[in-house]
Amino acid sequence: MNRRFSAAVDYTLALAALLFVWWFATGPMALPTFLLPSPLRTWNALVTIALTGELWLHLGFTLQNIVLGLILGCIAGIAIAYVMTRFPKLAVWLDGPLVILQTAPKIALAPLFVVWFGFGVLSKIILIFSLVFFPVFVGAVAGFRTLDPKMKDLSKLLGLSAVQRFRQIELPAAMPEIFVGLKIGAVQALVGAVLAEWMSGKVGLGYLMTFASATYKTPLLFAAVLMTVVLGLVLHVALTILERRLLSWKGAKNG
Amino acid sequence: MAQSERMIDIAGVHKTFVADHGTVTALEPVSITIREGEFISIVGPSGCGKSTLLRLISGLDQATGGSITLNVSGRKRPVGFVFQEPVLLPWKTIVDNVRFPLDTAGVARAQGDKTALDLIKMVGLAGFEKALPRQLSGGMRQRAAIARALSDDPPILLMDEPFSAVDLMTRDNLNDELLRIWQSTGKTILLVTHSVDEAAYLADRVMVMTARPGKLQCVHTVELARPRGEQTKLDPAYHALVAQLRRDLRTPAGEAH
Amino acid sequence: MAQSERMIDIAGVHKTFVADHGTVTALEPVSITIREGEFISIVGPSGCGKSTLLRLISGLDQATGGSITLNVSGRKRPVGFVFQEPVLLPWKTIVDNVRFPLDTAGVARAQGDKTALDLIKMVGLAGFEKALPRQLSGGMRQRAAIARALSDDPPILLMDEPFSAVDLMTRDNLNDELLRIWQSTGKTILLVTHSVDEAAYLADRVMVMTARPGKLQCVHTVELARPRGEQTKLDPAYHALVAQLRRDLRTPAGEAH
Amino acid sequence: MILRGIAGLIATLVLWTAIVVIFRVPAFLLPGPLEVFARLLFLFENAKLFRHIGVTLTEIVAGFVIGTAVGILAGVVFARLPRVERFATPLILLLQTAPKIAIAPLLLLWLGIGPTPKIVLIAIVTFFPVMSGMVTGLRYGEGSFRDLGAVLKLSPWQSFWHIELPSALPAVLAGMAVATTLAMTAAVIGELMGANEGIGYLLSSGQENSDTAVVIGMVLLLSLIGWAFYEVIELIRRRSLGRFQLS
Amino acid sequence: ADKVVLQIDGAAAPFYAPLYAGVDKGIFEKNGIEVEFIYAAAADILTNIAAGNVDFGFPNGDAVVAAAANGLPVKVVHTTYQRGIGALLAKGSSGIKTYKDLKGKKIAVTSLASPNYLQLQVGLKQAGLSLDDVSVEVVATGAIVQSLQAGQVDAIVFSELRKYNLEADGTKVTMILSNDFLPSFGNVVVTSSKKLSANPDLVKRFTTAVTQSYEWVIDGHIGDALDISLAKYTPTWPKDQKAILTTAFEQTFVPSVWQSALTKQKGLGAADLAAWQKNADILAQYKVIDSAPKAADFVVDPSTIGK
């Protein structure tokens, strides 16, 4: 309780510091609005679209894509990582294509995703999925690989079924590393969602950004950027709380 | 307790590890037949291959040569194992750890809980059911591991220095509990220990192993009356055996008698 | 070996853990003063707070109350610690693990190697210098950890059941080696053990602790002649003390005499 | 490793060709490997492809090295001082989530045109996974090793070098593997912000000209670079973890 | 020589051959200027200019109007393209010949904030239709042409120049120029108000060099300019497209894009303030911008620079 409270204080302080720097850059340092609008102008732009209800439409759409992509990427990442650590022979063949597919910069392919997968929400989800997948996958592989051999002995001894071994031993043991991947994946999901909307579409925070950027409505642009950052922070905090819950057994240092 | 059925057949089993710094012969060929319901103690110097032998019997490692046959047709989990270090799942509470073999064998939760709580009480951990392993002392963790190995009642029990980290009194209690369980269930038990007193007190036969390269030096049949108890420790035959075991262990490797 | 300088002052130290399943009093207030160069054994039932006490003395944990003063002005590393579980760095070979305290104290490599190899030989691990911890047996790992604790020659040595996983003969050897080192270096040693024989054989004083909540039941001064050796084990006073310690440990908690 | 690499490459090419042939994908949507290869050859002769590769590679290496170093350092600081971490988190998330394309003019303003903004961008995206790996590796690492370090009164540097880094290594390497993929994307974004050389520059001219073969070719080049990075990290992992108890 | 950075809209393409040839042939050098080309999206170019990140930009005219309307201190100093090059493109096989044929069709634009979306709206209106009669998709620059080729949309509103790409790819296209009903400007040279007032001489020399470069190409050096461009500046372009590009230059750029009635009179890059104003007014009328800026405030005729 107390700790959570102090965490909230820290976040607030940090945000206040950021706000101050922002204010300083636009006030005393006099950066022009078209480069960086003042916090007040941005706030006004935000309030304006919040009042018309437009904001919630965009926000909801982006959030929905993020959550969908995150869940799918997460499931696939963990599943494929598991299969590959269980069957190293398969990994020889799958590893290369997976890595090549992943290191291919999505931003370059994003426009093509639209022609490949259509204008609908599918191409967006696929883009987000493809960005989330890899961090979770790599994290899960690391987690499954570092499994304590004593745990392997135990599961072998108890003759656990594949499902039991996964559920009861391998998954919990790999959790810390999976969470590393998940936290990066969450950020990537956000980046992917915005990117997808940037490339095509008529709704979402990314769309709001292209629109604002092309029409030089910089306060609106930064209002949208602000919303993405807030979204990122919320996702991060949610994952951190979940992590603390699930990994309390680790007795983390400074937990 | 004499049974004639063969339970574990070990024939010429040996094990060599290959490592960067050279090959290590952990176990030279060992042959012995263990009958159903027998209680075997294993003593020997540190690093002589006792743990290796148990791991081979349990099937966790593969022998470099020789064969091991377990006569446990039809049992899915023939062996219970108390590892030398307590291997508890750090994310599960003590009661969940002890119940774990039952849970994964499909035993109903209520039934499992009952068994687990009884065993936890037996090993003296009442009050720590909901604690996590890292919140226990070394000896308490070891006792939790013992409780877990007993929970699903395996016909063969392999115990690798199960009582090394507990105090004398607890150890005596647990020895007697173990004998009680053994007597009532007819398990076959192999127990590695560095205490010759314990080895003699518990076993039907004591295997003495020699230092590296580990091999079987001799096997003593313990002729002490069952059930054992305080009176056993007053028996001169018991003390003679303990003294003999001590002498065996003092014999430098190679000078087997 | 009687020195009058106070080395460790423990005054009303106690420790309570707060956990999800409730608070656990690991240690009720303990007070004792340990002189420089004293050899103290600590015995007590499993879970009575022995490890907790050592951790408090070493500064690894903070006491809930009371104070601990170490009279080791100017020493950067006042204490060496043999943990209850051998904490070897899995990515370092045995010789690197043993040399680790020296390396990090800035001792030259050649010098460090010499010390490390001597100690490795002393604990009977010659031939395993280049092995990794996972390639050793449980007892061998424990011995490597002992060698490491000795390598940088700390004035205070805290040993938590250092010999629990080694066989009798090795244990006897290591006991004598430890006494030799103690005698020649004048270290202050606190040793936790479950073996009352060992406790009596080695110590100047034996601290007996009671079961949960752990507290100091009594302290026996060991009047046996130094240096100790085979003849000590024939001394009736030794056997009387061992028997007394056994009785102490059998006394249910609370009924201190 | 070489075998793995070749196997991976063959598998990718087979998969790619199969998609193109089976679905009869027209070249403007997804050209086949041969076509792309021909286009790459053309660029090699005509466009001094190697110079562009060199430019991008330099940016990536520089950004990656800086990002990794800072990430490891920050990870150590954050794991030791969780308050600092909480304080820095909003700023870090800002840097990670704020769409780079949206703040490009600001970056140019502060860092000038030239390689600096690209390197900084790559360092920023590399930083995050490496830092996360390090923090997790330390925070959830073996507590008993911490005790050992405390008893030996190791200096912060010593406990970092001898205990924290090795025990966090699996997680850090995982972070670095993820970072390779992000670095490739950042390299492209950096060069989209304003450039006249580099793979991203060629890529954007391919995009502008609706020349899918160039786009795919450049993507392929970046993939191969990223893959090479990944394999180097794998190599480090195997070398260093071969000795660990880890399989 | 003064070093300047010129940021060009999009990416290196042979359509900018006169600029490349001007550098290569020493025309800029002769005017005491050394040019570095870099590339970015139009909106970024204007922000960069306003912020002083780059010296000159070569974005399209609509982007400048929008920037000026939002108060960015930018000035058009050379109306290089005298008309807009936005166009509706449809496959020849689609049967679309006029805006009237778009009813019920699917049309792609690059963004709802882009000039091509505005062109679509105006085009539909003058054909008696509205946005409700068609369905609009947004596809980014990198894929819009492919989406037409793949038949995912019936038409795109984009750049006239893509007709040449498509034809090079063997796709026959129908094209309706937006400039016919909506006067606007293609690429124009832009600098910041600050630079113009602080260093008019530099701006003058730069615009002079631009004019001279275009003149050189118009004076019978189309082939040379394309060769320079393809060899050194736009190496990703296949060489076999030179023929198509030559046609484009001869039939479109030289007669109607770079030159107009006005340039015959006042020289290349001359500013038709009235046309600029009309462009701005329409943008305001369609709510692309809040209010129309005064053309005279952000457009400068090259001949008046430094006077």
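The chains carry the letters A, B, C, D and E, assigned in the order they are written, with residues numbered from 1 in each.
What we mean here is this: a contact is a pair of C-beta atoms (placed from the backbone, for glycine too) under 8 Å apart; a residue touches a chain by one contact, two chains touch by 3 or more.
Listed by chain with UniProt protein names: A = Aliphatic sulfonate ABC transporter (Permease); D = Nitrate/sulfonate/bicarbonate ABC transporter, permease protein.
Because the structure is predicted, anything quoted here is derived from the model rather than measured.
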Legend entry - Touching subunit A and also subunit B, the following chains: none
Inset, instruction - Using the touch rule from the top, point out the two chains with the most contacting C-beta pairs. - result: A-D
Inset, instruction - Can you check how far apart subunit A and subunit D are, centre to centre, with Cα atoms defining each centre and the answer in Å? - result: 17
Inset, instruction - Measure off the straight-line distance from the CA centroid of subunit C to the CA centroid of subunit E, and report it in whole Å. - result: 84
Inset, instruction - Please compute the C-alpha centroid of subunit B, do the same for subunit D, then give the distance between them in whole Å. - result: 51
Legend entry - Distance between the centres, which are taken as Cα means, of subunit E and subunit D, whole angstrom: 36
Legend entry - Set of subunit C residues in contact with two or more other chains: 85, 132, 134
Legend entry - Residue list for subunit A, restricted to those that touch at least two other chains: 35, 108, 111-112, 115, 149, 198, 213, 250-251
Inset, instruction - At least two other chains touched by the same residue of subunit E: list those residues. - result: 47, 51, 141-142, 146, 150
Legend entry - Chain pairs in mutual contact under the definition given at the outset: A-B, A-D, A-E, B-C, C-D, D-E
Inset, instruction - Report the residues of subunit A in contact with subunit B in the complex, numbered from low to high. - result: 150-151, 153-154, 156-161, 164, 168-169, 172, 249-251
Legend entry - Contact footprint of subunit B on subunit C as seen in their complex: 17, 19-21, 24, 43-47, 50-52, 84-85, 93, 124, 128-132, 135-140, 143, 160-161, 164-171, 194-196, 246, 249-250
Inset, instruction - Show which residues of subunit D lie in contact with subunit C when the two form their complex. - result: 144-145, 147-148, 150-155, 158, 162-163, 166, 240, 243-245
Inset, instruction - Name, in rising order, each residue of subunit A that touches subunit D in their complex. - result: 6-7, 10-11, 13-15, 17-18, 35-36, 92-97, 99-109, 111-112, 115-116, 134-135, 138-139, 141-142, 145-149, 176-177, 179-181, 183-184, 187-188, 190-191, 194-195, 198, 206, 209, 213, 221, 224-225, 228-229, 231-233, 236, 247, 250-255
Inset, instruction - Could you please specify the touching residues of subunit E with respect to subunit D in the complex? - result: 5, 7, 10-13, 36-40, 44, 47-48, 51-54, 141-142, 144-146, 149-150, 162, 165, 169, 231, 234-239
